[in-house]
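Notes follow the structure.
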Amino acid sequence: MLLPADSGFEGPFPDLTRRLRLGVIGAGRIAKTQAQAARLTDRWELVAGVLSSDAGKSSARAAEWRLPEERCYGSVPEMLAGEAAREDGIDAVIIASPNDQHFAAASACLAANMDLLCEKPLTNKLDEAEQLEKTASDNGQVFGVCYVMSCFAMIRQAREIVQSGGIGRINQIHVEFMQDWMTPEDAGEAAHIKWRLDPKISGPTSCTGDIATHAAHLASFVSGLKMTGLRADMHICGAPKQLEDTVFMTTAYEQDVPGTLMATRLAPGNRGGLRLRIFGSEGGVEWDLEHSEYLKWARFGEPDRILSRGQGHGIAPPVERLVRTGRGFPEGLIEAWANLYTEFALAIAARRDGRQIPDGWLALPLVADGADGVRFIEAAVRSHNRGGVWETL
Amino acid sequence: MLLPADSGFEGPFPDLTRRLRLGVIGAGRIAKTQAQAARLTDRWELVAGVLSSDAGKSSARAAEWRLPEERCYGSVPEMLAGEAAREDGIDAVIIASPNDQHFAAASACLAANMDLLCEKPLTNKLDEAEQLEKTASDNGQVFGVCYVMSCFAMIRQAREIVQSGGIGRINQIHVEFMQDWMTPEDAGEAAHIKWRLDPKISGPTSCTGDIATHAAHLASFVSGLKMTGLRADMHICGAPKQLEDTVFMTTAYEQDVPGTLMATRLAPGNRGGLRLRIFGSEGGVEWDLEHSEYLKWARFGEPDRILSRGQGHGIAPPVERLVRTGRGFPEGLIEAWANLYTEFALAIAARRDGRQIPDGWLALPLVADGADGVRFIEAAVRSHNRGGVWETL
Amino acid sequence: MLLPADSGFEGPFPDLTRRLRLGVIGAGRIAKTQAQAARLTDRWELVAGVLSSDAGKSSARAAEWRLPEERCYGSVPEMLAGEAAREDGIDAVIIASPNDQHFAAASACLAANMDLLCEKPLTNKLDEAEQLEKTASDNGQVFGVCYVMSCFAMIRQAREIVQSGGIGRINQIHVEFMQDWMTPEDAGEAAHIKWRLDPKISGPTSCTGDIATHAAHLASFVSGLKMTGLRADMHICGAPKQLEDTVFMTTAYEQDVPGTLMATRLAPGNRGGLRLRIFGSEGGVEWDLEHSEYLKWARFGEPDRILSRGQGHGIAPPVERLVRTGRGFPEGLIEAWANLYTEFALAIAARRDGRQIPDGWLALPLVADGADGVRFIEAAVRSHNRGGVWETL
Amino acid sequence: MLLPADSGFEGPFPDLTRRLRLGVIGAGRIAKTQAQAARLTDRWELVAGVLSSDAGKSSARAAEWRLPEERCYGSVPEMLAGEAAREDGIDAVIIASPNDQHFAAASACLAANMDLLCEKPLTNKLDEAEQLEKTASDNGQVFGVCYVMSCFAMIRQAREIVQSGGIGRINQIHVEFMQDWMTPEDAGEAAHIKWRLDPKISGPTSCTGDIATHAAHLASFVSGLKMTGLRADMHICGAPKQLEDTVFMTTAYEQDVPGTLMATRLAPGNRGGLRLRIFGSEGGVEWDLEHSEYLKWARFGEPDRILSRGQGHGIAPPVERLVRTGRGFPEGLIEAWANLYTEFALAIAARRDGRQIPDGWLALPLVADGADGVRFIEAAVRSHNRGGVWETL
C-alpha cells in the first residue's frame, strides 16, 4: 500500500507512505530540471538511469548525478531488466531522451508494466503514438506526457474559471510561444541544439513539435475544447536550416471556436513567451509564462481582475492545493514540474492500491494528450506542404 | 506666405504666420476628438462645418460646436461654395463622416482645390480610392488620411530604429488590434455603431476596414515594407450581424517577410489593444497603444531597453520634435492627433509657399496609404470568400 | 449670462455660451502647456499676456504665442488696467511666473476683481498665502491653484473609492515624487532651471515646494484627510546647491493616520514618478503618474482590480464626465490640465451667473489648498532645521 | 574530503562528493520551504529533526516529514548528542523555531562544533547575538543566517552592478517590505501567527524583526554600505496588538548616504512587496520580489534596461552560476533558498577540507549579518521609544 489506508486524500496532497523510485532516460538539461522537481516533491527518489549508451560517459555522469554506477545502465532494456531484478527497483521511468528514441523506450516500459512519463512530442509518427496510447489504455498503466505548462497554478486557475463559465461562451482562443534563443546565426550548431534541427531525430518539424505543441496543449487544457482543424505556414526566418524555426497558424476548436497559434525561436526580447488568451461572451483570461504567477481575468463591464498564486481571493480549491509558498512569494517552472511529479506519484499510488482518485485532484497530461500533440504536428505538416490549406485533426 | 520667410523650420515645429481655417464634415466622436487636437496645436481654427444635412440638427450642433450658424452648411458642396466666397474661407477640410460618404466628399474637395484629410477607410471601393489618389497626385493637393496611430512619438521612434537597422534584417511582423466594446449582445444596436455593421454604409467589411486597417498601416509604416499578400478568415464571434466582428490573417511583406495580423472587438479585457511587434536578425521592437509612451527595443545578447517619449536617451531628432510634455508626463491619443494636424498644417503651408519640406519632417499618412488600405481590405474579402486562400495585394 | 439658462449642467460639462478670455502671466514651459490645455477645452481663448517685462522680448514672444502685440503687456498692473479698458477684456488670469512673483501678481488680480489661477507654491511666505486666502474668500473670487495632478481621471476615481469607503478605514498614506532630470552635475545651470535653486526666487525650498507639494496635495485630495504633522530631512544628493534636491518625510493626517512622503530629482529611471498609495482596513488604492490611465484597487480577499479611464466598469459618474477618448485610448497630462481649465471656467461662469454648482461637479484645487501647501513647506523647513523633529501643521 | 580534490570549483557549482546530512529544528512553514529547497539542490539530505518537544506530536510529524522516528528528537541537546553518536550523523543544523529559541539552539550547536543556519532575527537581544558572533568567529564555524532575499539571482546582479560602479556614486537607498496578510481584524489569532505578536517570543518588535530586517539586510547587501543610523516610527495600524504591525524609518548608510525604509503587513494589494531602489550619480537599480526575475537598471541619458535571470546579456559570471532554468522560464523563492543551501554546503565543505573559496563564489549571509540585524532592530526600538529621534547603529 502506497497510500495511507485512511487518507481520503486529506491535506494539500495525500501522503504516500514511501518515496517512489525513479529511473531517468536521458541526461540533458530537461532531465536535470525534472530531477530537481522530483526531489522537491519529496515523493520521489532518483535511483537509476540510462545516462549514456557509452560506458565511459555513463560512468562520469553517474558521479555527476550522484547515482551508483551499477544502476546507470547502457540501454533502456538493461535498466528495465536490472531494476526488475532488485527488491528496491524503480517504480517508474521518465523518458527525456531525443524525440526519435521516445517510441522504443516507451514501448519497452509498457511491455515491462512500468509506469512512465515521456517528453513531448510523444513520438515522431502518429501510428506509433496511437499504438502507445492503445497499449497503455489496455494495460491501465499510468503514462504521463510532459506538457508541464499545464501544471502552473495560474493555468489551473484559468481552467477553473473558463470551464465553470467565468468568461461565458468561449469565442476565440489565441496562443503563442515566442522565444529568441535561435537568433544568432550559429545558434543551431551547439551540440545540445543540433539534433533539434535534424529531421532524423527531431521528426518532421522542429519548432512545431518542440514548442508550438506546448501552446496547442495549453489551449485545449484550459478551454476544455479539442482542436479540430488548422492552417499552418512554416518558415525559416533565421539562418538556413533543415526544419522550420517559426510557424503561424489559424486554428479551430470544438464548438466552432476559431483561434490563432504561433511559435518562433527568433523573436528577440522574448524568452519564455508562452502566452494564452481566451475570450468569451462575458469575459476573458490572459496568461504569460514570463509572469506565470499572475492571471488576468476580465469580465466585461467590470474592472479587470488580477489573480495571483496563493490562497484566498477566489482561488479554486484544486489550485489552492498546488500552493507551496505564500501569495506574492514567487514559484516558478521547477514548481510546475513538481506539481506534475506529485500528480504522477499520486496516479501511480492510486493504481497500485486500486483506489479511485477523487474528481478534480489530477490534471496530469496523459498519453492521449501526447497522441493529440502528434496529430497536431502532422496536421501542421500536411497543411504547410499543401500551401496552407485547411486540415482537420 | 504662411511660413515665416526665414524659418528654415527651426524650432520644434516651424511657426506658421497664421492659424489655418478648418471645415469639418461629420459631427461624431472622432470629429470631436480631431477638433480638440487641431485646437491643441494652435495652428488651426475650426470655423465651418457640415454637421448635419438636417437644418434643425445642424443649427443645434452649431451651438454645441460654437460655430456660427451661417457657416454650418447642409452639404459638402454648399460648404465648399460658401467658404470659397469668403475672404476668411476655410483652408482645408476634414472628412469624418461615415465610410460611404468619403468618396463624394473627397472628390468635391479635390475638385475645389481644397486640401483635405479623410478618415479611413478611404473609400468603400478600390477604384474610387485609386481615382482619388490619381486626382490628388495630378493636382499636387495635400490629401492626408487619418492613420493617426502612426503619429505616436514612440511609433515614430520604432520606425527610426527599424529603418536604421536597429533590429537587423526584419524577419517577422506581427500586429493586432484587440478591443472589447462589442462584447454585449446588443452593442451593435447603438445609434453611433449601427452603421458600422451595415454593408451599405460601412462597405464590404466592418472590423477589417475599421481597425485591422490601422494595424496594417502601422506594420508598413514602421517596417518600411509594403504588404504583398495575405490569407484572411473573417468571423462573427459575437451576436449575429451582417459583417465580421473579428478577422485573423497570415501576411507577407516585401523582402519575403512573413507575419500575422488580427483584429477583433470581442476580446474582453482589451480596449486599445493595438500591438505591434517586429523581429529581426539582431533585435526586435514592441509597442502597445494602451501603454503608448513606452517602446521595448531588444537587441539580442543585451538587456531589453525601454524607451519613453521625451528628449535624450537616444530618441531620434524627428521624434524629439514631437515632444510637448517632459519624459514621464504622459501624452496620449489627442496629442497623436495633434501631431497629425501639425504635419497637415505644415504640408499645406509648404505647398502654398512652394517650399520643400526637409527630409524627416513629415510622416503624415497620405492618400496613397489610404488606397493601400482599401487594397488590403479588398484582398482580405477575396481571401475570406475563397476559403482563406492566399491573395496578393 | 455665461451658462445657458436651462442647462442644469446637463451633458458631460455644461455648455458655456461663450469662450472665456484668458490672460497669461509668464511664458515658460508650464505656461505653454496650460495654454494648450485651455485651447483643448474649447472654453477658453488666450488673448493677452505678460510674457516679459522687456519690451523687445515681449514683442518676440507675442509672435511666438500668436498674441496681438498690443495685448502683450510689460507688467501685471498694465495688463489688468489695459484689459479692464476693453469691452473684450480678459475674464481671468493664469499666473505661471516664478514663485517670488506669485504674491504680487495674485494680489493685483484680487484687487482688480479678476478670477485667477496660480501656480504652486502659492507664495514663498505663509502670511502672504493667508492674506490671499482671506481676500479671495472675502471677495468670493474664484482663485484656483495649479495642483493639476488632482485632475487626472483615475485620481478622481481613487478619491471616489476612498471617500465612499471602498478601502474601509484609512490606516496609511504613502506618496512620493521621484524624478531624475537633475542627475547630471550641471543640470542646475540651465537658464530655465537656475531660478529653482535660488532661494530669493524659489523661496525656502526647491524640491519640496516644487514637487513634494504636489505629493502632499494629492494625498489629502484623495484621502479627504488634512496633513497634521511631519518630520522632514532635506538632502542635497547631487551636485552642491543652495537648496535641497531631495526630501524624505514621515507624516501624519487627521484621524491619526500615519504616512510617508518623499521627493527627489535624482532618481535615475524615474521621470514622472508621482506615486500614491493609500491603505485601509479593507483595501488599498495605488496610482502612478507614469501609468496615469490605470488605478489599482485591491480589496482584501478578492482579486486585485485594475480600473482604467473610460466609461462603465464601475467608474463613478463625476469621473465619467472627464472622459474625452474611449477606454484604452490614452489621455495624458494635457488632458488633466484641460480638466482643471474646464472646472475653472465652470466655477467662473457659476459665480458670474450667481448659480450654485451641484455637488460633485467641481474638485478644482483652490486658494485654501495653496495656503495648505505653503504651510506644508514651512513645516518641512522648520522640521529639517531643527534636526528632523516633529512639526505640526 | 567532501570536495573533489581537483575540482577548482569548476562548473556551475563544485560537486561535493556526498550529500550533507541536515537536521532541522522547527516544523513550521518556513522549515518546510527550506527542506524543499535543500532537496532541490541535491547537496543535502534531511535526516533528523526536533519537530516538537511533545513526544506524540513529534511522532506524528516524523511520518509527515518522512523521517525515522528515532531521529526525531525532543530537544536540541538530544539531537546533537544522538546524532554525534552515529556514524551517519548530521553535518549541519537549520534553526527554524520561534525567535526566542534561536539563542539557546545556536549556542548548543556552536558548543557541539556543528555548522548551522539560523532564521532571522538572529536573537531577541543584542548581547546574545554578539556572543554567538564571537563564538562562531573563534571556532571558525560556518554560521549562516537566513536572509534569503539576498539569494535571488537578480539581487546578486544588482549587487554586481552597484558595487562595480554601474550607477556611479550611491546617493539614495530606499527599501520597503509591504504585505497584506494581517489586514483582517482576526489575522493575529491564527496559531502560527500568534507568537509573532507576543513580545516574550517575538522579541521587542514584530514587523520590524520579521520583515523590516529583510529590507535592511538587502539594502546593505546590494549597496555594500552598512546602515549607520535611523529614525523610526512604529505603528499599530490594524487591530490592537502588543507589538507594531507597521514601521516607517529614515535611514543613513556609510558615506553619508540617506535613505528610507518601511514595512507593514497591512497594505492590501501587496503580498511579497519587498522592493529595493538604489540611486546614484549615474544611474539606478530597482527590484521587486513579486517580479523577482527582473531587474531595472537605468543609466541617466540612456534607455532603461531590463535584465532578467539567465545567461548572456551582461549577467555577471557569479550570477550566471545561479541559473537553473533558462531565461524567461521563471525561478522563484524556493530556488533562492536553494542558492542559499548550495552556498551553505559549499562553505561547510571548504571548511572541512581546509580549502579557500575563491572570491565571488559565496555571498551567504553570516552570523555577523545576523548581529547587524539585531542592532538594527534595537536601534529602531530606541528611536521609536524616544519619539523618533535619530539613533546610530
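Order of writing sets the chain letters: A, B, C and D. Residues in each chain are counted from 1.
To be clear about the criterion, a residue touches a chain if its C-beta (ideal position, glycine included) is under 8 Å from a C-beta of that chain, and two chains touch if they have at least 3 such contacts.
Quick caveat, the model's predicted, so the values are computed rather than measured.
Between the interfaces A-C and A-D, more contacting C-beta pairs are found at A-D.
Relative to chain C, the chain whose mean Cα position lies farthest away is A. A separation of 44 Å divides the Cα centre of chain A from that of chain B. In whole angstrom, the spacing between the mean C-alpha positions of chain A and chain C is 55.
One inter-chain figure worth recording: chain A and chain D are separated by 34 Å, centre to centre, where each centre is the mean of the chain's CA atoms.
Residue positions of chain B touching 2 or more other chains: 270, 297, 301, 304, 308.
Taken in their complex, chain B has these residues touching chain C: 15, 19, 29, 33, 35-36, 39-40, 42, 63-64, 66, 179, 181, 270-273, 289-293, 308, 310, 324-335. Of all the residues in chain A, the ones that touch chain C in their complex are 297, 301-308, 312-314.
Of all the residues in chain B, the ones that touch chain A in their complex are 167, 171-172, 174, 180, 183-185, 231, 233, 235, 237-238, 246, 248, 250, 258-260, 262, 264, 266-270, 277, 279-284, 286, 296-301, 304, 387-388, 390.
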